[in-house]
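Please find the structures below.
Presented sequentially are two complexes of chain A, the first with chain B as partner and the second with chain C.
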Partner chain A sequence: MTAYIIRRFLLLPITLFGVTLFVFGVYSFLDPAMKAALYVRDIPKTADALERIIHKYGLDDPFHVQYWRWLNQVFRGNLGWSKTAQRPVLDALLYYFPATIELVLWAAIPVLFIGIWLGILSAVHHNKPIDHTSRVFALVGWSFPSYVYGLLLLMVFYAMLRWLPPGRVSDWVVREVNTGTFREITRIYTIDAIINGRPDVLADVFKHMILPVITLSYIQWALLLRVTRSSMLETLRTEYVMTARSKGLSERVVIYKHAARNAMIPVATMGGMLLIGLMNGAVITETVFNYRGMGWWAANAATQLDIISVLGFTLFNAVILSVGILFIDILYAVIDPRIRLE
Partner chain B sequence: MWRKFLVFAVMGLVGAMGWAQVPNPDTMIVATIGDLETLDPAWAYDTASAEAIFNIYETLIFYEGEHVDKFVPMLATAWEISDDGLVYTFTIRQGVKFHEGGDLTPEDVVYSFQRALIQDRAGGPIWMLLEPLLGVASIEELAEELGDDGAFARVQEAVKLVGDKVVFTLEYAYGPFIQILAGSWGSIVDKEWVIEQGGWDGTANWRPWHDPAAEESELFNKANGTGPFKLEAWVPGEYISFVRNENYWREPAKLARAVVKVVPEWGTRLAMFQAGDADIIAVPRQYVAQMDELVAEGKARMMGPFPSSTCQSGFFNFYVTEGSPFMPLLGGEPKPDLLADIHLRRAINYVLDIDTYIQESWLGEAWQLPGVIPEGRLGYDPTMPKYGYDMEKAEQELRLAWDGALWQQGFRLTITYNQGNLARKFVAEMLERSLESFNAKRAAEGIRGAFVIEVQDLPWPTYLKYMDAGQLAMFFIGWLEDYAHPDNWVKPYMYRTGAFAMNQNFDTLKNVEFSPVYATWLPSKTYDTLQDLFDEIIDLAARESDFEMAELLYKELNRLAHEYAINVGHIQLLARHYEQLWVQGWYYNPAYPGEYFYVLSKG
Partner chain C sequence: MKILKQLLRNPLSLFGIILLLFFGLVAILAPWLAPPPNPYEPYRIAQFGYSPTPKPPTGPNPFAEMWAIITGKSDFSDTHPFGTTEGQYDVYYGIVWGTRTAFLAGICITAITAIIGVAWGTLAAYFGRWVDTIFMRITDIFQAFPFLIAAITIAAVLQPKIGRSIMTAAIALIVFGWMGYSRLIRGDILSVKERDFVQAARAAGAGHLRIVLRHILPNAIFPTLVVASMDIGSYVISFAALSFLGLGAEVGYADWGQMLSFARNWIPRLNQYWWIILYPGLALILFVLAWNLVGDALRDILDPRLRGRISV
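Showing the complex of A and B:
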């Protein structure tokens, strides 16, 4: 397995090279005037405005010259300037990523635990009221656009009740960050609040996190519930489970020790997809809740045709996804000893 | 049941308590859509940046309250304009301190303008200063002609210190110059402080500071002005906050702090407003009904609608440049000058049901303009003629177009707009339906060859590229005023180098007869081209120091724009302002780029 992991890591630069070539290739379909137009928000007011921009940034250079120039910068750690984030792309990635990771990790908890638990419960109590309720719950989660219920939650719990505000933290926390009285160490505020010994900040972070976490996790939660339920139902019908029952093992041992472990194999495969789903879902959730993370930034960069940011973001996502998929492959082998990674 | 009632009662009570309080009484919070690009006054050319700059920095003169054409002294205590309109002399206020402690001096004023002139970033606002002061659209142009040193010598001559006064010497008399000085690009910076930050040192070696990218400017994310608020923090993409300048040379602001938050999602902005966490929010037109409900319930205040400084129009290109994928056809043959025919342009104006367009696309909050100058600017006259919806007149004009060839042979025209702009899509499709509706009648007359109108949306970069190359036959776009003067309308719409006119090729019309109607002292004569006629009157109007004569010249231009039907569906949009009931002091000045926190308070 070690050789496999090393091989996968060695393949990573080639994958990334392919990704950059593809994205830059798409960008090169724009001719110099179109690329220059990306730099102006409004109509050019003077006749030479676009010409000057083309000249300044070398937008009429051949593809390989522009690509090589960009790649050279990337090797030196310079991913360019994000006009959406108004900071270097690398800084923007480091600035926004912790926020999204924090949101995704908190969202993963209900997704994994409640989703799996409800799925098992639903399968064990097949066609009983708890199963019907869970299925309805999952169906609603699947069919209700997260954008809509995100806004609904915001209207009820913020606009009406004023309990759970949008944003990442309150203004007073932001001011403490700016004045240096609260130190940002990881930029994952739940961790930073603990390191700083600030329960008040921790409470504020949680207050801001509840609605985005619910919005982000619900659809994935519903998905995992369905998959776990199906897988568990199938496993419960297998002969070895019947054997275990006939041996007189307690129902709890049969379900959690014998059935659930095997039922988790397709669920583990789903886990990777779920993580990707959560990262993608962050785009909508972060936009609705004005939560400044990668999703919010990516959506803004795309709508504002901020190509440099999109390139950087894509590159970063490719790294994250490649590593994530590798991790899931390894996890898969750990759960199912029959699988050997070659 | 009673539980439900209790829950709603509690919710109502909590709500009522919230509305009764004034949250953060000394902090004004604005939730808006877009973030600023820079804090450098010479670089900034977007309203969000200008809003921040105009609360931190100050200009020599400032608008008097709601007026866009009356000014009060700000960092200048007095100014004089020479009789020939070429020399502007400013006396600089004494005893004014920058936020970082430096004293305002006349040298700072000279440095601020010279720095702007040599910085002149591509696509930036400095063309407004360069054109009247140096007679060029970019400093590059001058450097190519005179070399870097020669160009700098001209800059030093254009803005200089004479005794303790700051003197601007213009290339030609230019009435709007005073309005231009009131823009954010006219903000005064502290010379010593800027140099300390790595800025231009005031010498002839100006190249390294010329045309920087936003982030390369030393003032990109820091600010040190003389204004009523100091920069507290700018977290790009999130918010910018200001704190009161306690050492302000006027009475300090009533607000201790102001915050402009970037909240692009409408639902979130509305929720912030309802929760009392935002005092003023940006309300796109399609959501005004939701805000009006709050107004009706006594939970918000609406001010307006006011005539804004934005117009929307359709433009005719009199000669489509070769190679265009949107080349018009007449009888199946390419006809680059199809729209040079006045009858066709008039017909297109007559087929547009402008009232329906305004109602459907702008919810009734716009009005049609005669000519090109909007309400509130010199030369606007609501009694001047406008084209109205009249299919009979349209048919008459269509039959006359190209000496009857257009009616007999049919034509193809592509109307373009930028992708995603639904209002422009709507008006383009209205024109498509109306013009193509004549095909039935023409078919009944036994005519073959249809009127074909294609409506094409283009992504913004593609749209700009084709527009810049003069390859769009007919296009819809909007204009946001740079400075509050009719010159900023007739120039882009009619002048040779104007943002739109330069892509419309008015030169195509030759031997144009002119007889004045308003500016009766002008001689009747024949101009080589329509463009020559427009340019001459625009230049005369800009140089005219007599208010009444200038007004007549602008009216003449408005009349010509109508007579030659240079555009279609030219409408001025109306603006609304929504705020919490506790916001005090707001007034509308269309020249303000955003909220001027100095005049606002809560209570």
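Showing the complex of A and C:
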């Protein structure tokens, strides 16, 4: 066990080194003049101004020199200046991160519960109407692009019915935040509203959260449903389940105590994939709903060619996901000893 | 032939095949269904004026108007069966020519990605040892990036270099799509390469290239092909997503994702301007659904071992 954990931890720096190398590699794809334009707001209108800037900041140095210089700055937390957010990239990332985490965590709830529950149900009722229905739901789930789905939801529930608005919170909440009557502590508004003791703000947050959560979670629970179903089907055919049945245990106990627990082991490996899927989906969902999170900001920065911000965002995501997946893998090795032998 | 017969017997895949045939026909017949005003730039959506507000579909029956256009009794300047978007781009024209973009995106991106992935995975598995270690470590690094986020980065960096076009989106998706295929083919090759017939070929003096191409790949590539066929739909979605975010096809290009991005400016009044989202959205959904239905059935027929396995 310890050996496995140590090995996995030793691999992490290698992956992270590769990640930084790649991000910088993408960046050095640009010409020195383009790089200069990214950093300098007003290039003086003299003939050799551009060359002087390139020379001063060493933008035409060899790759490894520039890479080393950049890496040093990254380790000090300097990811550059974001033109779209009007603040340092790291500050902007930390500013928008709570909003994204709030969305992703809320979306994880329906993913886990609906996905696993429907998966078990459709395996137990194999080839019955409920199985067919959930199959259709799953198939539609990964044929529906989330942006079409989100726009259709907005069309019905916002444009038509005026029930569930886009955005993160209503204007009056923003005003209260600006005037200081509503204190931002974690910037995860669900928690902040509870700390501040403001049920009206909490209700407003929920009202804005419902549609993005549905949009973000649908495809993920559709995937989880299929995996749970096939794993559960396999488990239900094993001999120990037959033994449990022949002992005269109730069907409930057989399914939830004996079968489902073991069927969850392969499902647990999906953890990392779900996390990646949710972070990916957050970019699209936040853009569709104008939900001011990390993904919304990055997509916006990308269209405005604020490449420094986009690179910082990518680096940030790759690092937190590498670490997140490492922990999921270790957790998985704790649950299932067989995995350590691979 | 046997495969096709089985595909036709399953009602779901039959529906998928009919849909694909329909889209294929639309793509082939595009110049007749929607004659381009400028024959040299057929992928630019026909544009009528510059008014910023979308105009509703003309007349009560879109099919009658489509027929009028097809028979040449009328053109887009006076009939817009599916309405126009902001900037007066004709929705019907965009959907018809967008079918070609969708086919091109789905098939070409999947094919190129799969070829790169297979080549990479084959090299790693065939030569084994340190080659394998290094190649798979590099694969790990690429997989550390969330697919769409990485694609956005590549698209953003490519834009100042080669401009905003469908090529930007395609390259971005290819660069971050191949890893799954590498892993899959690597596993299958590892189990094939020590088999007796490979040893026999080696003993007979066959070179590396011949062994790989004639003896190993044909026996290992099947699962990868099945997974690739199932991925076409999701590549179409991702490609359109980049256009939707404003990083793929340029404004006015016949691409469904690009057309959908117009809807982002009209969210408070989408019920009034429903045609700018409903028609391109429906085209995209049906197209992806068709590929997924066929891919799903194909997997069940060709490789029951893969049933329930998913690929993203």
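Simple rule for what comes next: the second predicted complex is superposed on the first by the 285 of 342 C-alpha atoms of A that agree within 3 Å, B and C clash if a C-alpha of one lies under 4 Å from a C-alpha of the other, contacts with A are read in each partner's own complex, and residues count from 1 in each chain.
Just so we're on the same page, a residue touches a chain if its C-beta (ideal position, glycine included) is under 8 Å from a C-beta of that chain, and two chains touch if they have at least 3 such contacts.
Since the model is a prediction, treat every value here as computed from it, not as a measurement.
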Chain B versus chain C as contact partner of A:V283, first or second or both or neither: second
First (chain B), second (chain C), both or neither touched by A:R292: first
Which partner reaches more residues of chain A (counting touched residues only), chain B or chain C: C
Which of chain B and chain C A:W81 touches, first, second, both or neither: first
Partner chain(s) touched by A:Y158 [first = chain B, second = chain C, both, neither]: both
First (chain B), second (chain C), both or neither touched by A:L10: neither
Partner chain in contact with A:R52 - chain B first, chain C second, else both or neither: first
Which superposed partner A:L305 touches (first chain B, second chain C, both, neither): both
Overlap of chain C and chain B interfaces on chain A (superposed complexes): 30, 34, 151, 154-155, 158-160, 166, 287-288, 290, 305
Chain B residues within the chain A interface of the complex: 11, 14-15, 18, 35, 37, 45-46, 122-123, 127, 137-138, 140-141, 211, 213-215, 221, 232-233, 235-239, 259, 263-265, 267-268, 270-272, 274-277, 459-465, 467-469, 477, 479-480, 482, 492, 497, 499-500, 502
List of chain A residues in touch with chain C within their complex: 11, 14-15, 18-19, 21-23, 26-27, 29-30, 34, 139-140, 142-145, 147-148, 151-152, 154-156, 158-160, 166, 223, 226-227, 229-231, 233, 273, 276-277, 279-281, 283-284, 287-288, 290, 295, 298-299, 301-303, 305, 307, 310-311, 313-314, 317-318, 321-322
Interfacial residue positions of chain C with respect to chain A in the complex: 137-138, 140-142, 144-150, 152-161, 233-234, 237, 240-241, 244-247, 257, 260, 263-264, 267-272, 274, 277, 281, 284-285, 288-289, 292-293, 296, 307-310, 312
Contact set on chain A toward chain B in their complex: 30-31, 33-35, 37-50, 52-53, 56, 81, 83-88, 151, 154-155, 158-162, 165-166, 171, 174, 178, 287-290, 292, 296-297, 300, 305
